[in-house]
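In the two complexes that follow, subunit A is the common piece, with subunit B as its partner first and subunit C second.
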Partner chain A sequence: MLNFNSPIQNEKKYNEIKITEVEPTIKINLRSNKREFSTKIGKILSILPPTEANTSSGNENYSLLWLSPDEWLVYSKNKNQNFKDQIELEKKLFNEISKINQGAVTNVSDHWVLFNLKGNKIYDLLTKSCPFDFNEFKKKKGSVSQTIVNHIDVIIHNNENNDLNLFVRRSFSEDLWLWINDSASFL
Partner chain B sequence: MSNELRINKNNFIDQTVRISFKFNGKKLFGFKGDTLASALLANDIHLIGRSFKYHRPRGIMTCGSEEPNAIVQIGSDPASTEPNVRATEIELYEGLEAFSQNCWPSVNFDVGGINNLLSPILPAGFYYKTFMWPASFWEKYEFFIRYSAGLGKSPTKADDDLYDHQYAHCDVLVIGGGISGVISAKLAAEKGLDTILIDDKNFLGGSTIYQDEESFKINNANSNQWLAREIENLKSYKNLVIKSRTSLAAFHGYNYLLAREALTDHLSVHERKNKIRQRLWKIRAQKVIIASGSIERPLVFNNNDRPGIILSSSVKKYIDYFGVKTGKNISLFTNNDSAYETAVSLNKSGVNVNVVIDIRENSDSDIVKKAQKLGIKILWGHTIVETNGYKRIKSFEAMKLSSDGENVVGNKIKFNSDCIGISGGWTPMVHLYTQSGGKLQFKSNDNIFIPDETKTPSEQISVGSCNGDFELDDVVNNTIYNVKKFISLDKSSYDKINVTCSKESSKKNIWLLPSDKPLYKTKPFLDFQNDSTAKDVKLALREGFKSIEHVKRYTTTGMGTDQGKLSNMHALGIIADTTGTNMGELGTTTFRPPYTPLTFGTIVGRNVGKFFDHTRKTAIHNWHVDNKAEFENVGQWKRPWYFPKNGETMHEAVQRESKAARESAGILDASTLGKIDIQGSDASEFLNRVYTNAWSKLAIGKCRYGLMLNEDGMVYDDGVTTRLAENHYIMTTTTGGAANVLSKLEDYLQTEWPELDVYLTTVTDQYSTISICGPNSKNIIKKIIPDLNLSDENFPHMSFKDSKIDGVNCRIMRISFTGEHSYEINIQSNYANDVWKACMDAGKEFNITPYGTETMHLLRAEKGFIITGQDTDGTLTPSDLQMDWIISKKKYDFIGKRSLYRSDTIREDRKQLVGLLTDDPKEVLEEGAQLVEDINKKPVEMLGHVTSSYYSPNLNKSIALAIVKSGKKMKGKKLIVPMEEKNINVTITDTVFYDKENKRLNA
Partner chain C sequence: MFIINCPYCGKRDQLEFSCGGEAHIERPKQPTELSDDQWAEYLFMRKNIKGVQFERWNHTHGCRKWFNMVRDTSNDKIHATYKMGEKPPIK
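Then we have the complex of A and B:
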């Protein structure tokens, strides 16, 4: 079996902040504007895709993030899921949705890299380069934002109080990791 | 430090912490909390610098950001030295080193001072008039003008300090921490709104915080005591953030504001290490309350610029706040009551107030009465006509004003004084309001411009003296009333507030005070930094300049680092008086950001050094680094450019790499290509509309090259798209075009073709692409994926297979950008590094050679394959590229189709892609070089230019692609490439140079 080489493989701690790369994590992009899509997803993942903008739904295994009126990102909460699980889930979703023209299922597990940010100062850190207004976001568990951090596109998911998941494109991940660590060191 | 000039009575300066600093090399002492200006004054130093034009001695004139004279160079380190820093704004820190500017060899003896003697022949416009002729002399003049221009010295090395940025969003932003700002912030916080209060000083309270005077009371307490309690109370509000040492720099539209927070400028050098020096706040506020206050105006009279002539309110702040006497024998010159507050403060601190010269005939306000009661001498209806003392005021002469105020009468009265506090009234600070797009109205009673609340562009109000309220009761009561209304607050803790204060009972204003000498023999300065006088303004008017903007530029009034904060109103007043115009009709000059200077470091933030630009890296990047690749920036991507071995030059490396690729095997990291996953029942129809060629009949498992056009018919992007399943494709785009293509296609789906059942998902980073080309590519793939049938029958050119490498799914495409038998392995990026290594191991016996973008470009140029963006420039149709074969004649429509049949796009003399061969096969053309037919015909007609050019080791000659006017018809024609040192003869050829029959694809 080939080695899994995620780009960062690191965890850093600073003053009231901890940053961790959480990989491997299964991530699958879902797109559909069909009525049956929600039911299908509900059956497969046991969660319904949220319809309210910038929100998420989830259970103990997965989080499902709203990205646009016809697009969602599902990611696994269980880090122990392996490559096989990823392929199985993708296959199941693909066969139940894409194959019968109910939408599009695309594996993006390696497209995005997941960083977890924890601590009292995570919003002080992000707002150093993120123009998004986090005032409401941080009050509401499960909020989702597609914004930029240091000019780089990211998806941010509010796990709970002062604990969030940030998705960044793999190719930008090292660049963003360096910036996050640099900025965190000055907090 | 002179103990005689420092009193020990206030709470604002920590006189237990002594701080040493240097001014012009001399070691001096001050206290924690001092500004450089207050410390210098405490050391009895008034002469700080020289003026810009006449090099006249100048001293500290104010205590704030409006300071025009006391601007200094801080530090001598070539990396951190900073010019034009206001001594009034910089907090004293241990080790501070400051130098006078605009003087040589010293501020005490400045050779440039000769300009002062020559001043009669250096009026406004001198430079414009003098250096016009003879025209040929301009370059000589320019050398000296440039040498003498500018103030201070720029740093010559990179700034080592750290800066950063921070975004903030709030319900209410209050700008200014004076009494009106503090009241506003408290009201907003009481309402429960997320509030930010910013102030440029390290201590809130503005001028009220040191107004310890019984004539000014709030709820029966002296105003300063009441305010101190209010400031303390603010700390209890969790929804209120107070940012001190934060200066508002710019107020843009829709309540977007920029502010600079000085974080370490007040710390000693060793305390600053590894800390952010300044931070740029980018603030979005629902509502903005401007409480920026007002600044005192000087008075314009003969020789009003001598060191020791200070604004009256600044004299008061230096004594009440910093505990510093600005002189031992101080006089005051005023047209309003403010100077009497200073007189009372000075008296209370034991400083002798020599005399108050007041241009008014009388005033019976409480504060004036109090001054009289204290025995302070007042000369009513008088003006100063002359001042004496070159480097420090020593004395002045006063005379009685005529009843119309235009002349002086009677005898001169001489007073000895080492400081004159002057007060010409107050100017509301409306800069921020106007920056946001707000319009002003003129209030003739006070000769001020204030915000016109009917012409306010966003959710904002101005309160306090920046709104024209100058008396304490008006400031407090109007602020409470207006802010409550603004934030819809019904009841507040201020509803029963009781304010009593001295009220000004008489007003008189004369913009240019008369002297006993004719105007041309006097120097009544308006703009102290640029040495612009009232005479200059009058001269400009005589010479036909009427607009305030023109007068400003002709006389340079208001163009110094203080941006005319002290001079603009007087310039307007003098223009109005001279031309008989109403000041309100004249308007003001434009107030542009920043309100106070920003360092470049603050603007740039952390985007320097390794954070200057963003880099995208492929999953195989570290292997490339380990194997000594030289990199090329392609968009944000770092792509291997070439892999030099044993000290090879790029040329040598590329020759080796390209030979290896053609003779055995080459390997390329092609992961940067854009990849879009396309799914949906209308995916084929979608591709038909997007590309120029037909897609409906593309079999599952096959690949096809496509050209994408803009609506204007010009080539936009290209790439290979593969049909993975009935309704599932994967499209590749150019590296640089990936994001734009996705966004354009998504835009079409959402707006033009909503009926199509198609979904797009970018997978550029999901898959890494490893391209292996050359005669041995098949052998290498066979070693890695033994189970895959690689026969041409099972796996022909332009097809794909799903496969597995070591248990990991992958897609193998048999496509070629080199003309060689090639395979592209697409694998999930987190496994790509191992697959690349496996390919290298498998290819070892075949001398597999990694190559970069330069070799890739050469190999494809040999085959005549275009690179969008290099061989195209947004002005070429497929036909121009000799690719008519890719335009489907049968399709109903595709993006850009109609444009292909416009008269202009079917012209035969358009520029078209051709091949070029040089007569000398070793001569490699420069990309971008022009092509001409007749070098002797003037003007030379340029027929086109070289777009790609290389030396091909496989052909042993130089090859090039070019776009040439009517190129298609010119095959075989000789053209000339004129270069700087020689003309190169070339022949137009076919675009394909190598393997025209495509035999190698199946080799």
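Then we have the complex of A and C:
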């Protein structure tokens, strides 16, 4: 993240929809099936990794998303978090987990691009090209879903009512951004 | 199009999954002692029956975990899904 170049650098407003790119934010992928892993993460981040499928946990600084029974994604809620703090966090996680074979810690900050979608019609927008059933998802704050939107793999995190964060792979981000803008203009 | 119940994530659309072929095929314990025909039988030959079949599936666009499924290939009815290593709920 030394020479961070955002692929989008934009914010768009449509009828009842606001789309923003939330970058740069630190994102770290965590993998482990060891017992001590949860306690270690709890000590470092002050959040316990969620064990229930399609859920998340968090505090004022970080969100921890369930990706699979042995995989989680932690990301910073603060855009433009101090670069030194990001490095410190990654180092701490790496030393406490990866280095002693308790799991794998991978910095995926530049792998995922984060979009924030707000507004009353965000679910109308997504259901245009997503097979996922959002009925239960939108009722539960903190829900997480990995699915496909317009044939592109995404991770969707329900922040609060009509406010969600969408992670998309960097190489697909511009394509999805264009599709979202195009679709939103027809709502 | 049908709905598949992933043992880890819950009900999802078929679009998110990919099929990995027949399940419960055991790797021979002593491959070096097999003849070429026996090895080819293990490696390539699959039943592909019309009716209830045990298959391996992967939730490719979700949790990326492998699981097993009991599916009727004649009408695509899914009888059960279960995690890898578990015994089939239906015989």
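For this structure, a couple of remarks:
The definition used in the following text is that the second predicted complex is superposed on the first by the 183 of 187 C-alpha atoms of A that agree within 3 Å, B and C clash if a C-alpha of one lies under 4 Å from a C-alpha of the other, contacts with A are read in each partner's own complex, and residues count from 1 in each chain.
The rule is simple: a contact is a pair of C-beta atoms (placed from the backbone, for glycine too) under 8 Å apart; a residue touches a chain by one contact, two chains touch by 3 or more.
Small disclaimer: the values here were computed from a predicted structure and weren't measured.
Applying the stated contact rule after C-alpha superposition, one finds that A:47 touches neither subunit B nor subunit C.
In the overlay built on the shared chain, the residue A:24 is in contact with subunit B alone; subunit C does not reach it.
By the touch criterion stated above, A:147 is placed in contact with subunit C alone, subunit B being left untouched. When the two complexes are overlaid on their common chain A, residue A:131 makes contact with subunit B and with subunit C alike. Which of subunit B and subunit C touches more residues of subunit A: that partner is B. When both complexes are overlaid on chain A, the residue A:67 reaches subunit C alone and has no touch with subunit B. Shared interface residues of subunit A (contacting subunit B in one complex, subunit C in the other): 131-133.
Contact residues of subunit C toward subunit A in the complex are 8-13, 15-16, 61-65.
Considering their complex, residues 1-7, 23-24, 29, 31-32, 70, 83, 87, 98-99, 101, 103-112, 124, 127-135, 150-152, 169-172, 174-175, 178-179, 182-183, 186 of subunit A touch subunit B.
On the side of subunit A, the complex with subunit C involves touching residues 53-54, 67-69, 71, 131-133, 146-148, 153. Those residues of subunit B whose C-beta lies close enough to touch subunit A in the complex are 162, 164-169, 194, 275-276, 282, 284, 606, 610-611, 614-619, 636-637, 677, 679-681, 725, 727-728, 757, 759-767, 805-809, 828-835, 838.
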